[in-house]
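Following this message is one structure expressed as structure tokens.
Labels run A, B, C, D, E and F following the written order; every chain starts at residue 1.
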Amino acid sequence: MRPSGRAPDELRTLTIEPGFTKHAAGSCLISFGDTRVLVTASVEDRLPPWLRGQGKGWVTGEYGMLPGSTHTRGNREAARGKQSGRTQEIQRLIGRSLRAVVDLEKLGERQITVDCDVIQADGGTRTASISGAWVALRIAVDKLMAEGKIEEDPIETQVAAVSCGVYDGTPVLDLDYPEDSNAGSDGNFVLTGDGKIVEAQVSAEGDRFDQEGLLRLMRLADIGCKEIFAAQLKAVGK
Amino acid sequence: MRPSGRAPDELRTLTIEPGFTKHAAGSCLISFGDTRVLVTASVEDRLPPWLRGQGKGWVTGEYGMLPGSTHTRGNREAARGKQSGRTQEIQRLIGRSLRAVVDLEKLGERQITVDCDVIQADGGTRTASISGAWVALRIAVDKLMAEGKIEEDPIETQVAAVSCGVYDGTPVLDLDYPEDSNAGSDGNFVLTGDGKIVEAQVSAEGDRFDQEGLLRLMRLADIGCKEIFAAQLKAVGK
Amino acid sequence: MRPSGRAPDELRTLTIEPGFTKHAAGSCLISFGDTRVLVTASVEDRLPPWLRGQGKGWVTGEYGMLPGSTHTRGNREAARGKQSGRTQEIQRLIGRSLRAVVDLEKLGERQITVDCDVIQADGGTRTASISGAWVALRIAVDKLMAEGKIEEDPIETQVAAVSCGVYDGTPVLDLDYPEDSNAGSDGNFVLTGDGKIVEAQVSAEGDRFDQEGLLRLMRLADIGCKEIFAAQLKAVGK
Amino acid sequence: MRPSGRAPDELRTLTIEPGFTKHAAGSCLISFGDTRVLVTASVEDRLPPWLRGQGKGWVTGEYGMLPGSTHTRGNREAARGKQSGRTQEIQRLIGRSLRAVVDLEKLGERQITVDCDVIQADGGTRTASISGAWVALRIAVDKLMAEGKIEEDPIETQVAAVSCGVYDGTPVLDLDYPEDSNAGSDGNFVLTGDGKIVEAQVSAEGDRFDQEGLLRLMRLADIGCKEIFAAQLKAVGK
Amino acid sequence: MRPSGRAPDELRTLTIEPGFTKHAAGSCLISFGDTRVLVTASVEDRLPPWLRGQGKGWVTGEYGMLPGSTHTRGNREAARGKQSGRTQEIQRLIGRSLRAVVDLEKLGERQITVDCDVIQADGGTRTASISGAWVALRIAVDKLMAEGKIEEDPIETQVAAVSCGVYDGTPVLDLDYPEDSNAGSDGNFVLTGDGKIVEAQVSAEGDRFDQEGLLRLMRLADIGCKEIFAAQLKAVGK
Amino acid sequence: MRPSGRAPDELRTLTIEPGFTKHAAGSCLISFGDTRVLVTASVEDRLPPWLRGQGKGWVTGEYGMLPGSTHTRGNREAARGKQSGRTQEIQRLIGRSLRAVVDLEKLGERQITVDCDVIQADGGTRTASISGAWVALRIAVDKLMAEGKIEEDPIETQVAAVSCGVYDGTPVLDLDYPEDSNAGSDGNFVLTGDGKIVEAQVSAEGDRFDQEGLLRLMRLADIGCKEIFAAQLKAVGK
């Protein structure tokens, strides 16, 4: 029995509020239950030096948690003077996930930075970030296309992410914080709208697992991402 | 004529949404027009070493801007590895303003950290932060009192802040971004519910000003803060 | 009664020794009683990137305290690896104050950096820094004009600063360290030779104040700056 | 056809030289072809503060690349002043992998830090690090047991890691640098001597993959780790 | 012929102004020609953790250059966020030189930090720092003895330092900046009042030298330090 | 009697293994007894900005100690976020020593960075680094000459370094760790193949020394470096 009473393959209530802020080219506030992430996609015409003059663009992700977002207040990374290894690992995953569904040549010589800032954390902030990042990116790219700055759509398909893990012996979908901190093993899956995998990552936190366990989590991820894909499309009005 | 069409002594639309997030003891989302700041007040029973054993508590403020909050995306301070001088100056002002209306002995040996994170910036983020910080602090202290952890109310009165400046020759209240970036001189005033001043600060950005100019801005600040005090009370249900 | 026996509107003994060091284009050692600040103005023909090619120059200030300058030895900021928020706030104030009396176009495409290093601290280091900074700047600009590098004098008027505060219920001018650490409210005023204000900033450290209190401090500042202006002129031989 | 001429399921030449340095409690130099990593395991009786007094120990990993280890000289992280996100991600993986096979209570209140320093890099440095880390840890723990400091063996089983990926359409084992930089997708698998999984992680670098692809890589990892387990045992003389 | 017209074994004009600042326990302003260093010695009753409870004290040195002290303005190390290798090397040398003449047990469980801040630089700042540091230390220790905090004098003898080098083929004493930047080889010698050596260090900047060259510089150092010793004694009134 | 039983003028067993790693242009593993340093020389065609366009190259050194190289594990400098003063001092010495025997104009507009990473430390790591650095540099330059990129040999002579010190009253050569930590005074000498001195540096750690003491250490250094020169030549096959 899950603490929340959810069925093993049941996502938390998922809402996506597009256009939550107005200065960035694209934005949304995505919520998986009590996990809420504000995502903004900003477009810059300037590329990092190592990418200039190659006729293609770049998509990158940044991630942060507001100090008051967690059950116990966390330190402000800007005050500590550096980003934790966890923050950097998540940033790299967000960027990699988005680039896996973007044709960088069609994007043209510009950079889109997708900022994912966690306003309230209750487990699954990195997967919520990726799922929301696609929405903000889609809105930003639509705007660039409407302005005639991009001709062909560089976004090849959707991308979404969800966590799965073994809680109290049972494989469950979309772990919340009480589950996450007690899972024997858990993982994050980044899947695409065309049925492919961008990232599959499962770690034993306590109990080592086997191949069958990995496949069960994968099946749950598949179920969860289908629902997220539908919510993404609805949010961008398609 | 102000770009927004407002009268010289007219605040932007002010809304305060209390309890915007749920992990912190107190929180609100405060908006002055397009400037939106998420404020959370977190309570810790641990004091910084230099304050322990003195029978009193501490209230401090932290401030940040989400990278996507501005018209042009800003750098993430955590990635740059340090907070700007401006950020630190604002943090000191928030803490000083709150402490001016709190009896630290009645608060008891605990620390309340008020985090002000700008979600959308359109001028006046520091004054919105202070005005919202009082609301989050009030909610957190009410909770501590309801839980019986504090006996006597340590908050002596309200505190609010507003900016004023000379735009196109006319003293105006609550500058938005287009006004702020063109003001000849501008200032921030932190006033209290009992009609006193905590901080008065006016700088010439271009045109040096005189004592009469200072007093005119002060009068506008008085008008503005009265309105903010009313909104604060309504937000905390008093 | 002030600890020093001074009258409420009496400055500490003020001396300005111009040309204290010789490598910088302009320099002085300014003393307000036991507060002593070494100021140097250095000219560089290179502007920061964001200012190049606009036909105008820049004036900026830096500030530091020697570790042995205070009653109890302070940490060396270079060893701690960062400047405090207070240091940065003061630096920004010095730069802003100087630029308020300089026509940057007449200065031409060059940068003048005014370094204010506190050799001995006894309260009022930021205001002594600003008052000395004008002298070092004046000397440096005179040199540039004598060398024919600048044609028209870019310095429009004098600028000086002084602190005022309420000590033991009485408004007093030019607080020394014993007064400063016990003042109920205090402020810094930056005034110009043409009778204008560049910065007025008053904070309640303990007792909230009112508008009448602000005006009394302002009147004291006016008295003090007049004396400083005279000393500045004498120091630069005018 | 692989650039090295290896069969798809063929490891590079694997050698483990135990006791390569003598100050650390355990050490080895592990080579997968041209990838060479020096691993040392150091024992400290002091635990980090958050672990003290719980009757158990800790195992952690650190990772670095010598600047001259790569085809093009890399920057020294100590000179840059921070470790990259990649370095921190690898460090976390090494620690997690080792802890998955260690009973921390049997280890007692001590910390073992396993340093993995890459002397020569040719792909697969993180998996070589983990595989060598087990050897250094085993030697250090044997020493502690021989000295009577630990009674029961805290190491439950072996742990080893290997990379796999899809190179030119074919799933291959143990990617070297030329393969790694051209792989469509690749992953790292951390497996244990009792046939379980500690970490499975596959990323699409270019081509998104599917579940069948993931399983194929998993099968290759299984083959590779069996060979590494045998080499580990031989190195520690068991 | 030296640029300054000095004889090869002639020091620059040497002045030591004791008690230049008043908050530190000991201080002086030392000048070797245009090189001027402000030195303060501060006493703390607290020792660094690794020295506590051993019945002895510690003497350490810190060093800095004011940005405006050099011919071309230097960067502020506090703003750059770290001290250069040169700064740290000099700091270590100052501390080592002072400790070589202090009986740390007689000093008792306290730390004396000697800050050497270069106000004007014209070559030889590190040797001027050491020579002045002894004076500030002597004054501070005399004060501790007068206060009855130290019974037996912990300072065993004097210590002074001077640079020598080969300029235009001739060994010369006390290099100024024009000589220093053109010397084929140069060195720094730290000698003590009892005719011993604490540090001898000679480097070839361009021309490699031989043993005879080393001895010639050593003889010059001997001449120079004798003069400095006399000036030190005069400064401390002995 | 030395702890190791060596004669006063006896080096530890010295071995140089050239070509220890293969990506860098030159490399060796140099051992003085239990002190082992891995040295790599990397060639870059890009010069630092301040050296460009002057028709000459640059040689620089970097130094590090692996955390597990010492008797007690040291902190990783990359994790601490900065290099110690000792590390930077050694780096400067390595670079200066190499440049003293290289004609930078004949080297052409390229930079050679020699990395010295201590794998096992038992005293004398800086002198082993310099002695090994020449070997790696020689191999790298030979390669550049063989490739026709350099016409005339820029290396004028050999350079080697050795430590000497007074242990238990006797001047001894090549101090190992037990001697080094108990020496009354010790020094490092950098000598060249043509009988000259690049750097002579002797410090009193406890006992101040005199000129005769300095000369005795110098004679020992002379004996030691002759042996190292022979080993260097053998290592590079000349």
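Simple rule for what comes next: contacts are C-beta pairs under 8 Å (C-beta built on N, C-alpha and C of every residue); 3 or more make two chains touch, one makes a residue touch a chain.
Computed from a predicted model, the values in this text were never measured in an experiment.
Novice: Counting one step for each move to a touching chain, how far apart are subunit C and subunit E?
Specialist: 1
Novice: At what distance in angstrom does the C-alpha mean of subunit E lie from that of subunit B?
Specialist: Centre separation, subunit B to subunit E: 50 Å.
Novice: Using CA atom averages as chain centres, what separation in Å is found between subunit B and subunit F?
Specialist: Chain centroid spacing, subunit B to subunit F, equals 59 Å.
Novice: For subunit A and subunit B, let me know how many angstrom lie between their CA-based centres, rounded off.
Specialist: A distance of 32 Å separates the two centres.
Novice: Where the centres are mean C-alpha positions, what is the separation of subunit A from subunit D, in Å?
Specialist: For subunit A versus subunit D, the centre distance works out to 28 Å.
Novice: Would you please write down the residue numbers of subunit F that are in contact with two or more other chains?
Specialist: In subunit F, residues 81-83 touch at least two other chains, as defined above.
Novice: For a quick check of the interface rule, what order do the chains take around the ring, beginning at subunit A and passing next to subunit D?
Specialist: Once subunit A is placed first and subunit D next, the ring gives A, D, F, E, C, B.
Novice: Which part of subunit D faces subunit A closely enough to touch in the complex?
Specialist: Those in contact with subunit A are residues 82-86, 88-89, 91-92, 96, 100, 187, 192, 194-204, 208-211, 213-215, 218.
Novice: Touching residues of subunit B toward subunit A in the complex: what are they?
Specialist: 21-24, 27, 34, 36, 38, 40-42, 44, 62, 64, 66-71, 73, 76-83, 87, 113, 115, 117, 119-121
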